[in-house]
């Protein structure tokens, strides 16, 4: 693994294209424990992209299944008692089997049950943590907490917290926002793709956690590490969002049409489109240059 | 608050436009405890309209959250034991904090668990009650009960029951049907907007409960009371349905396309469209004139 | 009931058209106990087709409701403890009342909780069993088990298992795949309609179980038996999928657009389209001719 390559935006884009192709050729089985609001959309996002979703969220099945799945998502959006137990079981199963897993600590901070569970699960050292700025801050004990799934804090305000979390738990941390930030505590990438319509469709953030699990699964056995896979998932997902946000005449679409077009775009997006549109900046964590959020990487 | 204004259809339409704008400018946080069939659609309806949904339906979180949310919806469509406990907790939290809340007694009557829960919760004096005619009748102990979510009774057959419920519990009661009826026991509005396609999309009724909670939240601190806010939610929602029901060429669309266009219409609908299309009649409850269901209010 | 007619593809197509019309004219109430991923899509599929969905999946309600519903679906995709108890109650209620019911043993084989439940429930002699080849094999104790909802086995590999299951439990068995197989142990139909996009939308298989329950309900009191009703449900559903898979210009659509168009097609499909497109072969179970999967039945 070359450090230069890993902090080179053009290389990150190329790796994203490779991993997208690999998701499609290997159809990773993605085990999802997620909230009741977004299960349908999450499954459709994975199917559109070329992965295979399976929602197994009961005890006495989730641990076993996490051991055979390619990747696991644990999203805490509507954590019923049964789901909380299933999540614990799944994390243990994933860790025992070496299955990469993603923690999405939805709306933690002010809500006590999920906050306690998130702190417990993060100690299991997720491969990746995905959240908005408020959730990432809350996971470090900082921040005011969001109001539900809204981020009351900006992505850059969570940059230090993300680096700290990454270093503490050995996780890649992805912070969603107008500019997405991905860090493993050593390297940081900022990705400026996407569209605000993603925030007008429920699951726009949550489904990215599942896509991240799919990319982590696809990266196993390749030269690409979890940092690269997490950034790649974000890049492909947000480029697809851009493709979906305007119709054939270039006019912005409404949120209902966007959700439909987004699934179509996830199925259709290819290396050429990802490369052409990628707006990625990367560098060492804390590197001043890396904070340029909208650096355009020429194709 | 002027009685004349509140029973003047033109004024009701103007208030609806004001409250629509206020939903968009204040992005009320709407706490939803709702059924597993419609969570996704409900969240997308709120997001499209400009409100912020949050589904918090577990115990030890729902009471706290109802205290900080702008409005609460309790929908009894798939009331698991955990959700039933969370609903009780949320209603207590909402009442303690003064959060307006909506009860949607889905399919009560023949089904014993939800019927008992609806009778228990209504004693907590919801700000608004939304249901079809069969559900409203069942909540007063009358009617034959529907078969699932279908209304076996007509809206007008439930008019007296609605007035009685409103007077008993201090609630605004909204009865959905081809003509929607809204009453607070003193005033009654009838709204003749909408499209039958709303009954071909699951959640077409349920999501209106969440939108009503959003309008109740937006009305706090304004001159508009719960009666006006509930009627406004119905008017904006049903006008959006009309806009969605035909395509650019004026041809009726199928139910799949309708659901997509409805979300687009909720995002796009503005005061001009609401005013132009409003078909509202209002008067004192029991007023003969008020029973003219399709009175057209000139723009 | 004429044996010839029942193994005559043209007659099967004609019966399908009759039953489609009857679904629309009788609006059967379909009681669904199904997984959290597909509840919304399943309800919308039933509404689009002209049936009335009701998701009643809690104890102390599901048994009672199964007794008054026209048909029942028990789908084991996300079987929480409460749903498992509700499923047992519903099956008992359906059997006591003579309500036809469908078992969909989603992803059984490797997953122990649902596998045990499927074996328990199948002993209650479902009217129909619907699954992919891996699930049908697993229900007989054979097969390697799928990975989640994917079928690792082909439809024809499950033909003998389907015949065996049908004979053992008195059920019609429907095996989904590129060619769908329906058997009651004596007669077998193979249906070659459909589109691969159905596998790119979550619930593409699960919702067919609910549609089968709707057709079984519609067939009660007619000359058409459960074998015919199950084959009819498959035929109408897969013809609608074909209509949805290409746009007005004949171009293949993406999975997001397909799901929307599929609901539109279920609402619009009529006897002429079903007859024109039906690709059905039927004969005695084990009949060599019957294995010709793509026999075209002339309109």
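Worth pointing out:
Order of writing sets the chain letters: A, B and C. Residues in each chain are counted from 1.
Here is the rule we use: contacts are C-beta pairs under 8 Å (C-beta built on N, C-alpha and C of every residue); 3 or more make two chains touch, one makes a residue touch a chain.
What you are looking at is a predicted structure, and each value in this text was computed from that prediction instead of being measured.
Copies chain A and chain B of the same sequence differ in orientation by 120 degrees, per CA superposition (steps of 5).
Counting the residue numbers used at the interface between chain B and chain C, under half appear in both copies, so the two copies meet with largely different residues.
Between chain B and chain C the centroid-to-centroid distance comes to 35 Å (mean Cα coordinates, whole Å).
In chain B, the positions touching at least two other chains are 36, 39-40, 80, 259-260.
In the complex of the two chains, the chain A residues touching chain B come out as 35-41, 77-81, 107, 110-114, 147-150, 199-203, 253-257, 259-260.
Put simply, chain A touches chain C in their complex at residues 29, 36, 39-40, 43-44, 47-48, 52-58, 60-61, 64-65, 68, 80, 82, 259-265, 267-268.
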